[in-house]
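We just call them A, B, C, D, E and F in the order they show up, numbering each chain from 1.
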Amino acid sequence: MSSLRPPPPLLYEPIVVAALREDLGRAGDQTTESVVPVEAAAGAHLIARRPGRVAGLAVAARAFTLLDPSVQVDLRSQDGDDVGAGAVLAVVSGPARPILSAERVALNLLGRLSGIATLTRDVVASVAGTGARVACTRKTTPGLRLLEKYAVRVGGGSNHRFGLDDAVLIKDNHVAVAGGVAEAVRRARAGVGHLVKIEVEVTDLAQVEEALAAGAEVILLDNMSLEEMREAVLLVGGRVVTEASGGITPENAAAVAATGVGVLSLGWLTHSAPALDVALDVVVS
Amino acid sequence: MSSLRPPPPLLYEPIVVAALREDLGRAGDQTTESVVPVEAAAGAHLIARRPGRVAGLAVAARAFTLLDPSVQVDLRSQDGDDVGAGAVLAVVSGPARPILSAERVALNLLGRLSGIATLTRDVVASVAGTGARVACTRKTTPGLRLLEKYAVRVGGGSNHRFGLDDAVLIKDNHVAVAGGVAEAVRRARAGVGHLVKIEVEVTDLAQVEEALAAGAEVILLDNMSLEEMREAVLLVGGRVVTEASGGITPENAAAVAATGVGVLSLGWLTHSAPALDVALDVVVS
Amino acid sequence: MSSLRPPPPLLYEPIVVAALREDLGRAGDQTTESVVPVEAAAGAHLIARRPGRVAGLAVAARAFTLLDPSVQVDLRSQDGDDVGAGAVLAVVSGPARPILSAERVALNLLGRLSGIATLTRDVVASVAGTGARVACTRKTTPGLRLLEKYAVRVGGGSNHRFGLDDAVLIKDNHVAVAGGVAEAVRRARAGVGHLVKIEVEVTDLAQVEEALAAGAEVILLDNMSLEEMREAVLLVGGRVVTEASGGITPENAAAVAATGVGVLSLGWLTHSAPALDVALDVVVS
Amino acid sequence: MSSLRPPPPLLYEPIVVAALREDLGRAGDQTTESVVPVEAAAGAHLIARRPGRVAGLAVAARAFTLLDPSVQVDLRSQDGDDVGAGAVLAVVSGPARPILSAERVALNLLGRLSGIATLTRDVVASVAGTGARVACTRKTTPGLRLLEKYAVRVGGGSNHRFGLDDAVLIKDNHVAVAGGVAEAVRRARAGVGHLVKIEVEVTDLAQVEEALAAGAEVILLDNMSLEEMREAVLLVGGRVVTEASGGITPENAAAVAATGVGVLSLGWLTHSAPALDVALDVVVS
Amino acid sequence: MSSLRPPPPLLYEPIVVAALREDLGRAGDQTTESVVPVEAAAGAHLIARRPGRVAGLAVAARAFTLLDPSVQVDLRSQDGDDVGAGAVLAVVSGPARPILSAERVALNLLGRLSGIATLTRDVVASVAGTGARVACTRKTTPGLRLLEKYAVRVGGGSNHRFGLDDAVLIKDNHVAVAGGVAEAVRRARAGVGHLVKIEVEVTDLAQVEEALAAGAEVILLDNMSLEEMREAVLLVGGRVVTEASGGITPENAAAVAATGVGVLSLGWLTHSAPALDVALDVVVS
Amino acid sequence: MSSLRPPPPLLYEPIVVAALREDLGRAGDQTTESVVPVEAAAGAHLIARRPGRVAGLAVAARAFTLLDPSVQVDLRSQDGDDVGAGAVLAVVSGPARPILSAERVALNLLGRLSGIATLTRDVVASVAGTGARVACTRKTTPGLRLLEKYAVRVGGGSNHRFGLDDAVLIKDNHVAVAGGVAEAVRRARAGVGHLVKIEVEVTDLAQVEEALAAGAEVILLDNMSLEEMREAVLLVGGRVVTEASGGITPENAAAVAATGVGVLSLGWLTHSAPALDVALDVVVS
């Protein structure tokens, strides 16, 4: 499936290189370089220690080959696969030094991204049958938004805005300063290009009506009760996309989805997903 | 206390700037710039929605002033404070646009770092009285190691290596390729400077003895049972630092610490700590 | 008006710094540093030699103050002003050396951006009364898209996509590979988030119908004759935004706008606008 | 001819990479990645839609291969070629996604550089037989000076200074502060190395004499009438290079060259050359 | 020997690339590009004009291949070799242009690093038999610490701290502010991780005792007389590492080593080592 | 004197920032941050321990203020001053931590640049009365060329090319490939702009004649004997600048200058000048 490919290497490789430099520091891997002869070879299994959904496998594998292009990585799994504990995700082979030195960076990337994909998958599963999309937010790790948003897609989720510039989201403060939903939408429509969508955050049914009338293209139901959400969804009647946000957790996602809302957005997916436990089992020869 | 200061701005400001650019994208905050007049002013409270330990407050505050130096941030709390739900951590005031535009970056940094500090604090509290230190690992977020290690210190924890270059940690693979603990330590000692400490990972008591004899300065007890750890600690008898690692969680930390081991290291502190829920309550005028 | 502010300095200052470094090279301004004493002061008028619309004045002014913060720049005009030949746009004063050394960079930026704004203004004027928006494209100068898109807005124009990632534009090749407009739109809708708009390029009326049926949110009429455009606009009947593109020039823009199309997009605005002739009249003392 | 090679990739590739990142943004090409399967292949013709002189073809081609090294680009033309409308400049083949995603960056570079080369060629042709060189100035696009100066050479033109550091150009303000041409040249000669040439801007015949006497190695005739230029050229009598600058356009270049001046410099070549119309005709399979 | 390998290319290549860009400037090698045809081939010998120890050969060789990957470099020597005047260190072949253009950068790197290695070798030889290590300091060239510390190792020397962060070195000012050696060591021990060594600078025997009692792991004897050093070494009695620093030169190193001190550190090795005279003998064909 | 100013901060500050980051590493100054309270203040004298010529004082001082803008640096000397042992060059005061942490970077820069200026001064003095200029070469430290060339000027020396792009220097290999001096000069003249000087390296009198005839603007006498140089100088007769290069050392410079040659160039000035011994005497309070 096309959505399970990571973004172009041109976009994510700087992240991997920076992570390697952060770990190697000024002096490199002092342990490996003093203990392991340069001619030593190694084979290694990249494994999942816990069950989960794989995400970022090719990204993580680049840690080895960016450190030393002669390392071979044979992927045995691919992003989007659901694997069990002990599954071999990739086989790494080549000179021992770069394999040992790049291990932690590869695992940090793979663990974090797979952790996000796994949690997303579970939330998506919990809303199955409702037709609701599960989306992430801008509550991502500084510097990793590109990859974390990708991991959400691997988990079956959907992406909200990538930043402040690719869509308009009018919140309560914007409404307050503009003097109302209608005026805020009008200003936004006048100020942005015709390819920028406008979403408005509302907190009650009156605002839903106002937002619809003003031409909002997406309506964000902010911290509403389940009952209010149901009414709002009915009121909108499919004319525009509805989104629920605020206080949604993996636990209550199903109940929210049952209101008929079109999209659920959870910061949880990216800011609090535990890492998937992954490891590298190395055999040096 | 001196340990509660963040690292010099020269080291962490590039992280904040990169996070702002990641969020602003190419076009900047289209919502705010089209809806909020440039002359609008705002006041805002940076608050904790849940109880926790504050970390990274000054770092997060830089998001506002790096975007616009005319924004004022008045810190009402400081790193290391334990605060309750609703606590006002800082008061932000000035032009409304940069306050609204920098909000998410500031919250993402503060939430993540405070989340790590809070979890660390809790684990440290759980081992109180044992004399054991609680340390983080290299299982940090790519690009944020500097700040995450700082957050651990704010939580009362201690830092393990910052990378592969500032200490030697001889693991099983290194031992295997060297043909034994003694030879591995000898190679490391010959290869690195006299200010680099050498730690050796061991899995049984025989290796503890071997490591001691070889001159290891720290001994890492890897995935040992509590009983084995107790015996290892006795065997070492305070001659060098002992560290327990592998499978330690917030839940079992106290039991591990009770074995008398000197340091507990947990990847959990940095790779899986949930973010602290923080928010910015803005009033635009 | 809010739309006439340049993007945050955090986004555009790297462009100015890079331009200064490009011009100063390794050795700096050898002429000025060898001929002009360090204590010499200067006053200068930044002027328009030809009539036009000012854009990028504050951006250009940063060239002086980034080179030396003690230079004073007093803006006498602002972005969006229509000025005559000889108009004084700013008064620059302070140490003579940085004023002379930064002159060319400031003028290069101001001339280019004002040139774009001036041409855009003229095209916008030519379609006055039709209700059509005049938009730029992605045919911008590598590295300057941010500023060139801003200059278009200063000229009264509107911005199309900022890049490949902030909206979907399905072109003929995408349609061909998907096997039809409907399938292409379906794939895009499934693959992108709910805040991403989908535009479809069509070349005849049948495709207009197909695109409407498929749920396209914007329809791009590609290289159609004026007659075809008129029919297409009628067919769409205001249900979605229509955009004309391909072969539109400052000369024929009015005729295209008269078809009733909603948006005209011209690469011309950014790839071929002549620079406005601006100069710095310096008096060294 | 050796002068028709672009500068080393080490110097220009950062420009291409930055342009790709500017266009791909954070999320990459959302249209192509959602609509075009990863296994789709494409063939494409890079064509000139209008007649002109090709410049930057290899530079533009790097957009494809930097995005994906498996794309093949077969150049059918080379920098310096004069081509007709419809000429196929290169054939691009390989995976469809990177070809579609890199298209705009490649075209933006090729169109701009070929536009400059084409205009330069025409101006050079207009002065044929006079022996005058046609040179560009420092009125280049910020960040692209390297490539734009190369495009001028491809057009048969010559390069003036690359920046403020590689030659001395004493202008009226420098003369004023030094108290005369002689003193300004003396200061410059004392202050710069023996491999740096000194050019002096003059506005009348008296200054020409003064500059010659002072040892100027190039004399810039600034905004002189054709008659004054003729006299100045006679006065200099071939002892040093003469250069005409100020108000020279493609239209009046021939008349200026007929005065016998050695070099004509025109900012026009780089700041106002319209882009050459180039396109990529893609066939996806 | 493993210690004679340079650090990973990921760490040192940015230094080589920056050096190439520094030398090529904006316009590249104007001499070679105008005089040498693009198709000319060349062969070249990289030679030592004086006897010395080779260091940085592979690093220097990257200058050629980073400028043009088609250049071949056949290493005839390796880091750590002691060579005589005229020795051929490498044979370079391929297109003439990049060989001529990268020559100076390659030689600058090789000359400097080999100069450091050669001087270090000589100092190490002068203390042969004493068991003392010869170490460098942080008195390195800004930006080249990584490579200069490596060159010291190639010379048979040892590395002191790589920076302020990888070990604690308590100097007189730190002691003064803490109110004594014991308190300074206590604060450091509390403030840093268990893998960070603590060294204390002392100036007399009383401080030696105090440092030992406080748990210092390395004792730096600062600017002591030879007699004092001997006494200090006896007093320490092998319990911790002793280091002599301050005023040590290649000339007096042997006398200092004879005191029995464990490590001698000399800023001289990196801040004042003369470059080894190396050259590239090119034959263009 | 104007030539004693360092280049604009925009050009050299990145070097200082990079040096600070190189020294602070990931974790910052662990000693100072754990031992010295954040509120401690300090005063310090930046002193010369040996006599020499000061160069780079303002550059070095930026290390303190870039690390912490609240540090005050009061310059008591300026670049170009000849100072005796013990001279106080600057007084530094403010918070103790950044003063202690930036010390080494400041000293490394000041020591290296002053070492170059001091050696240059001595060589310049040794040729006093001959009228010869003393110039450096491109044999500079990678990354520091800008500052090292400046230090040479502070020492009273002159700068040769800053890189491969700002002047033409035709060497033996270029002559060989072109088939003679005349053809090489002709190609260069045709290929480069009218503001680029052309220097030709010659090894005998015949080549001197050939170079003059070909229009060389500077003639480099390569590794000639003193007698040959004298003859060459006579032959040239002041028509162009003559430069001696190859094997010139501080010791034989006077003899070379006595031949009447116009410029002496020595790589020695930058690649082998010993650092000046400078120190920071700190008093923490």
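Going forward, a residue touches a chain if its C-beta (ideal position, glycine included) is under 8 Å from a C-beta of that chain, and two chains touch if they have at least 3 such contacts.
Because the structure is predicted, anything quoted here is derived from the model rather than measured.
K.L.:
Considering only chains that satisfy the touch condition with subunit B, which of them also satisfy it with subunit D?
P.N.:
Common contact partners of subunit B and subunit D, which must touch each of the two, are A, C, E, F.
K.L.:
Which chains, if any, touch subunit B and subunit F both?
P.N.:
Output, common partners of subunit B and subunit F: A, C, D, E.
K.L.:
Copies subunit C and subunit D touch; is their interface built from the same residue numbers (over half shared) or different ones?
P.N.:
same
K.L.:
Using C-alpha centroids, which chain lies at the maximum separation from subunit E?
P.N.:
So the farthest one, by centre of C-alpha atoms, is C.
K.L.:
Computing the C-alpha centre of each chain, which chain sits at the greatest distance from subunit A?
P.N.:
The most remote chain is F.
K.L.:
Indicate the whole-number Å distance between the mean C-alpha point of subunit A and the mean C-alpha point of subunit C.
P.N.:
Result: the chain centres lie 32 Å from each other.
K.L.:
Once you find the CA centre of subunit A and the CA centre of subunit B, what distance in Å lies between them?
P.N.:
About 22 Å separates the centre of subunit A from that of subunit B.
K.L.:
If you average the CA atoms of subunit D and of subunit E, how far apart do the two points sit, in angstrom?
P.N.:
The answer is 44 Å.
K.L.:
Scan subunit F for residues touching two or more other chains and write them down.
P.N.:
Residue numbers touching two or more other chains: 2-3, 22, 24-28, 33-34, 36-37, 101, 145, 159, 162-163, 165-167, 169, 187, 190-192, 196.
K.L.:
With chains as vertices and touches as edges, which is it: line, ring, star, complete or other?
P.N.:
Contact map by chain: complete.
K.L.:
Within the complex, which stretch of subunit F touches subunit A?
P.N.:
Residues 22, 25-26 of subunit F touch subunit A in their complex.
K.L.:
Once bound in the complex, which stretches of subunit C touch subunit A?
P.N.:
2-3, 133, 135, 158-162, 165-167, 169, 187, 190-197, 199, 218, 241, 243, 262-263
K.L.:
For the complex, which residues does subunit D have touching subunit C?
P.N.:
Touching subunit C: residues 15-16, 18-19, 22-37, 40, 42, 96, 100-101, 104-105, 107-109, 111-112, 115, 138-145, 162-171, 173-174, 176-178, 184, 187-188, 190-192, 196, 267, 271-272, 274-275, 282-284 of subunit D.
K.L.:
Provide the residue numbers of subunit E that touch subunit A in the complex, in ascending order.
P.N.:
On the subunit E side, the touching residues are 2-3, 5, 7-8, 10-11, 145-146, 149, 159, 162-163, 166.
K.L.:
Show me the residue ranges of subunit F that touch subunit B in the complex, using the header's touch definition.
P.N.:
17, 20-21, 24-28, 33-34, 36-38, 66-68, 98, 101
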